[in-house]
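Take a look at the structures listed below.
Below are two complexes that have subunit A in common, paired first with subunit B and then with subunit C.
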Partner chain A sequence: MDKVSFFGYTIPPEIKAMIPLLGKLESPNQTKEIMSMAATYIITKKINTNKQTVTQLKETTDSIQLKLEKKANNAEDRNQLSIIFTGCYYLLKLAIKKRVTTQTFTNDLNDLKLPQAFINDISALYTSQYKDFIEKTNNDKILFHQLVNFKWRVDVVISSSFTSRVMIPVILMEMTDNFGQQKTFEVSLDIFHKLRYNVSKVLKDMEDLEQIQILSKFDK
Partner chain B sequence: MNKINNFNLGKLIDFQWKLGVAVSNSYTKELNTPFISVFLKVLDSNNQIESHSFELTVPEFQNFAQQFKDMSSLMESL
Partner chain C sequence: MSENIFGSTKKFNESVEIINKLDIQRFGRILQRIIQKFGQKNERIFTESEETQLQNLLKITSTELDSVLECCSFIFEQTAYYTLSGANLSNQLKKTSLNEDKVQAFESIWSDSAQDVIGLLRQKTVSPLVLDDVAWRLHYQMSSSTSNKKQATAIFEFDLKSTSNNTQPSTQQQSEKLLFEFNKDQLTTLFHKLESIQEKLDTLT
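Our next item is the complex of A and B:
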């Protein structure tokens, strides 16, 4: 075999299960809607969850479930629609993972002998949403808590319960992470200089990274 | 003295203050606002020491100080 399709050597069972059902469905609009629901699901689903994204995902899954149920006339029908939804989801997911071009995407689907209307629809969807998909996967990494807000203030201490007329500058910093946790702390001049040194070092190291050839190749 | 400590409503362990001037911050270059910071350590009813800190602006501090003056003069009148 000269070329492996984007879904691998063997067709995933989720996609395989969908193939015989696609021919049976009368209205192409129905599958079109299901695949756009799968696309919405992919975009909403996040690894790094905070409360907001969890509720967002829950709302999306609930609405998908409701729509699928509305479309189905009976339990068997409902089951078939679920299988199609899962199949579309896997097709898109694998294509995004490999970042295949629309051309490869369409060609590989043609090899599967799927109905032409389905291939046209899902290819069109893949092309139109490609940017969103890539942006979403780029943002979706397993991460620590992230810094979202940083505030500072410079104070000069004039006197305190221990000393008077000290005039020492102190820096106050406040950091908020994406989970809403807040930390306020005081930084002495000494530590601040260490921080400054390390910030410049990181900046320089990041600049050096751009010089490395192999990384710039991956950037494409 | 021990009579009043029958109820454990919390006990002041430490009280520290600091007068400073905020020179600048992330929003403004010339802030130059004086403030008072207060740090408290309180032994709570579970025998745990809790640290608290708060900051007062000048008018807030004046109000705060006035209340202590009132308390003090009341004590003296007893």
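Our next item is the complex of A and C:
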């Protein structure tokens, strides 16, 4: 048996369902449009959603639905267009996840015996949008909150109600995460040194990790 | 400091009179305890049962004991505020009507623990949130639902201790945790910022 195609050993049902319908569609423009809608959907869809991206996704989904409905002349037609949309979405999604080259992408689609026009269109789309797809998937993963804004201030305490002469520096930090949560806190010298040491240690560990041969071999 | 930092209020003088009557050995031990609990505003110096015992031992009333404790704490507070040395404290106390042996007890205990106490007081802060601890975990992402990209990321946990609400330490041990995930670039950015803080600190010393 030769190599496995990028969508796995068995063709996913979503793609399978699309195959017989593709031949029936008269205008290639119509499929082309559906494809680009699927591409837009992939780029807009995000796991780590905040309010802004949720509304953005909703708008995109609504407009896709509207366009699909407009194109369709009757209920059966509408159903077919949805199936094609889902199929295109799955094809692109799997290809992006595996990061297949355009060559493999085209070859694997050829094996599916899809209409030539469809393959040309979707390959062109895949190539032209590849960069966007990759960038989007790199940024889109389940993440803990991220530090988006970090402000600091160094103070020297002169005196306090406890002692008249203090003269030690303290650091104020303000951290804001990507969900808008903001915290302001004081950091004593000892803890600051601990923080600085730990950050540099993790950075060094990360660099060491990149040197490990076996991990770089995984990344192909 | 020429003037008397302890003032000479009626209450202070009355308390000093009571102190003067106390047994010097027992008084030394009381001072020891006061200095141990010093700076912990919301903690009792003696528990209630200890206070009853002390009253019996020293043969004084509970109000008298209270004024003794308050007076000694006040002396230490003022001493700490002006950061007096043991000898200076003894000079100051000689201006009051405190007996010589009690003055010596104050001096020896203060000389022993001044450094610790003042160090502790200097660290005291009025900021509501203080960074208490840092913990982290480094990991290597092998695969995810959207991509097979491998990448090293680190999660940092910042433990923030709240100082504003320690009137009820047991009911509400207030601490907040801040979690951040960093990839290498983000962590490098943070590191550079910490470095510039360090540079500023270096110019101060």
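One rule holds for everything that comes next: the second predicted complex is superposed on the first by the 215 of 220 C-alpha atoms of A that agree within 3 Å, B and C clash if a C-alpha of one lies under 4 Å from a C-alpha of the other, contacts with A are read in each partner's own complex, and residues count from 1 in each chain.
The rule we apply is simple: contacts are C-beta pairs under 8 Å (C-beta built on N, C-alpha and C of every residue); 3 or more make two chains touch, one makes a residue touch a chain.
Bear in mind the structure is a predicted one, so any value in this text is a computation, not a measurement.
When both complexes are superposed on subunit A, subunit B and subunit C fit side by side without a clash.
In the superposition on chain A, A:Ala75 contacts neither subunit B nor subunit C.
Note on the composite model: angle subunit B-subunit A-subunit C, taken at the C-alpha centres, equals 30°, rounded to the nearest 10. Note on subunit A: of its two partners subunit C and subunit B, the one contacting more of its residues is C. Once chain A of one complex is fitted onto chain A of the other, the partner contacts of A:Pro169 extend to both subunit B and subunit C. Contact with subunit C, but none with subunit B, is seen for A:Ile142 once the two complexes are overlaid on the shared chain. Judged by the touch definition given at the top, the superposed model places A:Phe192 against subunit C, while subunit B stays out of reach. After overlaying the two complexes on the shared chain, residue contacts for A:Asp155 are found with subunit B alone; subunit C is out of touch.
Minimum Cα-Cα distance between subunit B and subunit C in the superposed model: 5 Å. In the superposition on chain A, the residues of subunit A contacted by subunit B and by subunit C overlap at 150, 152, 154, 156-157, 160, 162, 169-170. Against subunit A, in their complex, subunit B makes its touches with residues 15-26, 31, 34-35. Considering their complex, residues 47, 96-99, 134, 137-138, 140-147, 150, 152, 154, 156-157, 160, 162-166, 168-173, 175, 177, 183-189, 191-192, 194-196, 198-200, 202-203, 205-206, 209-210, 215, 218-219 of subunit A touch subunit C. Of all residues in subunit A, only 150-162, 169-170 touch subunit B in the complex they form.
Of all residues in subunit C, those touching subunit A in their complex are 39, 80-83, 118, 121-127, 129-134, 136, 138, 140-142, 144-150, 152, 154-156, 158, 160, 176, 178-182, 184, 186-188, 190-191, 193-195, 197-198, 200-201, 204.
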